[in-house]
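Paired with subunit B in one complex and with subunit C in the other, subunit A is shared by the two complexes that follow.
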Partner chain A sequence: MEVTKDISSAREKSSWSRRLREQFAQVPLLGWLFGLLVAVVMEYLVGYPLARVLGLASVPALFGFEIIFRIPTLIPSTLLYILLVYVLPTGLVAWLGSSLANKLAARLLRYPLLISVVIHLGLLYAVLHLWGSFNDYRMIVLKLTLIAIMLTLSLNVVNGYMGEFSCSHPGFMALGAYAASVFTVLAFVHDDVFGLPLLPPALGPFMFPIALILGGLVAALGAVLVAIPSFRTRGDYLAIISLAFTFIVKSFIENLEVVGGPRGFMNQPPWANLPTVFVWTVLCVAVIHNFVRSTLGKALCAVRDDETAAEAMTVNTRRTKMVAFLFAAFWAGVAGGLFAHVMRYVNPGTFGVLKLSEVLAMVYLGGLNSVVGSIIGAVSLQLLMEALRPLEILKWIAIAVLLILIMIFRPTGLVAFTEMDVKSLLKPKWKAVEEVQHAVTAD
Partner chain B sequence: MTFFLQNLVNALQWGSFYALIALGYSMVYGILMLFNFAHGDIFMAGAYIGFFISSGLVALSASGVLPMPNWLILALTILFTMIATSFLGMLVERVAYRPLREAPRASAAVTGLMVGIILETGNLALLGARRRNFPALVETTTYQIGGVSVTNTKIMIVAVSVLLMLALHLFIRRTKWGMAMRAMAYDYVVVPLMGVPLNTIALLTFAIGSALAAAAGILFGVAYPVLEPYMGLLVGWKAFVAAILGGRGSVPGAALAGFLLGFVEIFVAAVFPSTLRDLIAYSIILVILTFRPHGFFGEPYSAHLRL
Partner chain C sequence: MPLLRIENLTHYFGGLRAVHNYQVTIEPGQVRGLIGPNGAGKTTIFNLITGMYRPTEGEILFNGTDLVGLRPHQIASLGIGRTFQNLRLWRHMTVLDHVKLAHYSRIHYGLMGAFLGTARRHREEREIEEKSFALLEMMGIAHLADQVVTNLPYGVQRKVEIARALAVEPKLLLLDEPTAGMNPEEMLETMGVIRRIRDELGLTIFLIEHRMKVVMDLCEVIQTLDFGEVIAEGTPDEIRSNPKVIEAYLGKEVIT
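Let's look at the complex of A and B:
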């Protein structure tokens, strides 16, 4: 009783912004997810009427960026909409429900960690699903963002943890995309090129994971081509070898008439729905998160810091490099397969230098050697690219200037060399309260 | 034999573009130990600047204010464009590379890539997607020498690029500034302590590299008079490959590898279907680098770079 009194007196002393920060510091991840869920449910229920009342033609597709850039007079109502639909409900629920959410989070942590993780992910999926099913545009942005996370993470394994400058990711992605597409189209689709489906199409959705794994394996096979020269050289020469690899793959596909050559390849079945992409992304994050913390991941960091010393400490550098390359290429291939089935059309021109700049920018924006950093980098850059789409051609100038500024003022990226600690992410945030109490008693 | 000689002539021309651009990559690498990924787009910018300067000079000459013969216009275009583009190169160094001197090298690579994107899209936004035609300054005459047809533009292109390379060689070997550049390439930590200003040398390197790229851009415009904003992507990245193939930081290596890449591409296109050109050329490079991982003139794991 006395403690709460002290806290309230401490509150009176501090400014309201600090008080707000203290309040929200106590909200656990679970609370935020509940808040977001309420927000998207609210948008689902009252989004259209509210938008109509505020004078907007429709519900803002991507947080109102497209409206802000096109019709500046609607900025106030767009901001009001964002405030009413997203910010206020999320904030209120997170604030009011923080003690309940903390209790729940603490209760969940008594069971194995996996249960807590699954419940959090389920909530996250519900939020994304409700938000994304509003219209097709949101859905495709969501799927592409998830795929970008996979790509960025797998590139971070090579460029961050292994410390190379690999430019081969568009190549791996292209191999995965084409291998998975050819498999699904050959087996399950009535197509002009490959004729009747070989297997009953009803089996298709169940075989889709196999198609993706096949795509990943083909990409990994291609990675052998890059990995073998990497035994003898490092740094800039490897950058060229991997760049040459990307060009070779692109040129190879362009010359492959069976899959349409430079015209591209289409008719992929629409199996890459949100649950599939979400599950694969979660799988990718989980596997890479564990990989980089495993013995092999540590060996990888050792090879990066000093190859000779690592060798002397009984690290099998060749095997480590090989495994890392194949592993990264596998996930890039899976991401490519998903990409092909989300777009339902691929052409070799997609997997060129521009894609490379995009993925590299995501990795270095987020920060090397960090799973969280890669997720943040991929999500923020992908959303930024979509948000600035109304600027049309100037979009790329804006993004490039922004990235240059970030590189100048934060050369290591937003979150570099930070490990993702799942437990501390999910745990209840009582600590903030304790800190306040501590500060009060210290006074 | 005629077939071989004919392709050799074509390859010499094609290789001069690569060699001139590769020199810029290699020089910057020698000084700063990083690749200027915007270099291909500086080549593009040089071609565009050359287009505007030569169009201006042609208009000036045609209006009768200052009548000039075509060869003079071309010479003046090359001169002015090289000067203008060298300022662009210095600007790029100042904006994208100097603030990141202490940062990880990969961050500088990202800023370089982004500057390249800014140059491409900036060009697209300012001038539109319409392709520009480089004014025809040289009337093409074809000579037949023993069954091999050689045009005067080809001779001019090869001659100008070889002259520029010789000038660069003399500059690096014989002048005080060249000596400073070589010293900086040898050790860019200690040499600044001896009173050689790193930033000035870096600016100079960017200026010279960009001027060479601009010359390549104009020569390219003379040979293939269609300019488009993305022309730097393909040629630039291939020249980058040539710079590595020659051995990083090695000026003669870059020139040699540029010509070699030109030969490989032209001969592949002459023997096989031309769509296979990139595939085979890059495969050859992959094989060369697998067996000679440090290029022709590069030294393994060494700070002692040749300039």
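Let's look at the complex of A and C:
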């Protein structure tokens, strides 16, 4: 008895960090979202005055990275700003409101799951919107990050779930970007090349989804061209053919004077606002998540692990591979269309090897075969690339070193081969409390 | 009508004749054995039946349908399940997913169902899951449903393969050395499983096996293959005493 008491008291004393972690383990996702919302509202209200008090020229645009690298003397005040504006409010609200948030989350789960999902997404959108509307730079980083999620996820379907190595994503993206742009400019914009709009511009925003879907379909058509010669074999062939495809698309557009050739193509209407990009990203994540969790989607993993066995178990492997490839290309095309309308300018040079390595790095950093992994990979690498922008050319060395380190310590990526379970993500975290208490009493 | 009838089946790998003039007729409900020394062409015959190879010559009739020229997944959907000599499991997938996926040809919710998660999809997935659990319980591995196959012991992996083959809902089950690499205990267990499959599901079983005890105990009729040709066919007792079989397979020294 005495001994166990000693142990438990030692455990109690052990470390406040563990207790802190236990406290925060009880915070459901809803609580974190509330915390973040409070944090961004705080920044909205007191961001400027606080920055001035701390001696910063302006509010740190991207968590202070742009300041830290340029003016090292401002590091302490930047960190203080981050702490006061983001970390403390989020942490405090999440901690203090955890029981309330748990009750709410539990109540929400009594209704169909969709309602809970929509509310969580609504909160997330509110956070992103408030954070992003602070200045244009944040907004564009945010949109590009969302687009990067779509690209990474769709490439993960081919390179992760299907186990082929495809390099054609920039090509698909270019096809989608140009197809959607030509459609919107031709139909709704008074342009020097294409002349007067064919349709009343008022219709435009409603037709934007059609433009994006058209971009996706054109990209899928391109995917057919890659798939037909390369899917009869396995291994490196797809990699080579798809890489060639990317270059072919790039030089094809470079030589297409109608869309400006190498000078690029502009005048896209400004319809890719944050809600649009957000909704399309959510749609992409939801559809891909649904697909890879269905038995039809699992067939992809079977094809990757052992095609002969899959075929012997009634799986139509040729159709499975084709569908997955076209599906991935479709989403890459949609992402390309959004990209073109976010930047309101595209040129073929964007869709080259650099883009390819970027997307590949996001996929392999985040982890193969995982929807969460792709989201984490895309967000972290996109933000990192923005954060390291002040390092200029050194940025590419830093990112490469980081990738090498990850390949050494986590060869499969950050979160590989994990399926996202929406229900357990949204559920209240009472259980963590009970488990801890249970463990303590059991001791 | 016989369930499977093969006539004059011949297959060449380049210049090498792997199977020559092979014939077999299997009646529904039979347990058939196929034995022969290594390289006799046993697995090749299975691969020809399941469409992995296209025969150079010959006819394979399953339930009256000619299988030659069909793709493997089509043949499997007609009702032929198989296991492999060297395990061919999907190494990143769980036991349950293996069995669920083998129901592939029974899925009707289509791509839209897969993308959008319709009610129909959830219903079908649930049905498949129930069926899969029933099969896993029959194999006695239902408690391992969530395990990734690579983490499981060899004997269990063999059972997963059999469960997966059964999930195809076959009329004919091809087992390629189901007890290879097993210890005597596991072997007896597997034999019990095969008997249960025959009795409870009423399947026709075609079995390649090296262990005489397994073949002799399970099969009603046994064929012996040597250099791609059938050298003997008969009941276990007839095969046991056939001098040609003993010479080709068991070796001459055994009788002396």
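In this section, the second predicted complex is superposed on the first by the 428 of 443 C-alpha atoms of A that agree within 3 Å, B and C clash if a C-alpha of one lies under 4 Å from a C-alpha of the other, contacts with A are read in each partner's own complex, and residues count from 1 in each chain.
We adopt the following convention: contacts are C-beta pairs under 8 Å (C-beta built on N, C-alpha and C of every residue); 3 or more make two chains touch, one makes a residue touch a chain.
Here the structure is a predicted model, which is why all the values come from computation and not from measurement.
Within the superposed three-chain model, A:Y125 lies out of touch with both subunit B and subunit C [touch as defined at top].
By the touch criterion defined above, A:M313 lies against subunit C but remains apart from subunit B after alignment on the C-alpha atoms of chain A.
In the superposed model, A:F69 makes contact with neither subunit B nor subunit C. When the two complexes are overlaid on their common chain A, residue A:A299 makes contact with subunit C while staying clear of subunit B. In the superposition on chain A, A:F134 contacts neither subunit B nor subunit C. Note on subunit A: of its two partners subunit C and subunit B, the one contacting more of its residues is B. No residue of subunit A touches both subunit B in one complex and subunit C in the other. On subunit C, the positions that touch subunit A within their shared complex are 50, 52, 71-73, 76-77, 81-82, 84, 88-93, 97, 100-105, 107, 109, 111, 113-117, 121, 125, 128, 164-165, 167-168. On subunit A, the positions that touch subunit C within their shared complex are 287, 290-291, 294-299, 301-302, 304-306, 308-317, 323, 369, 417. Looking at the complex, you find that subunit A touches subunit B at residues 159, 165, 225, 228-229, 232-233, 236-237, 239-241, 243-245, 247-248, 250-252, 254-255, 353, 357, 360-361, 364-365, 368, 393-394, 396-397, 399-401, 403-404, 407-408, 411-413. On the side of subunit B, the complex with subunit A involves touching residues 29, 35, 95-96, 99-100, 102-104, 106-111, 113-118, 120-122, 124-125, 233, 237, 240-241, 244-245, 248, 275-279, 282-283, 285-286, 289-290, 293-295, 298.
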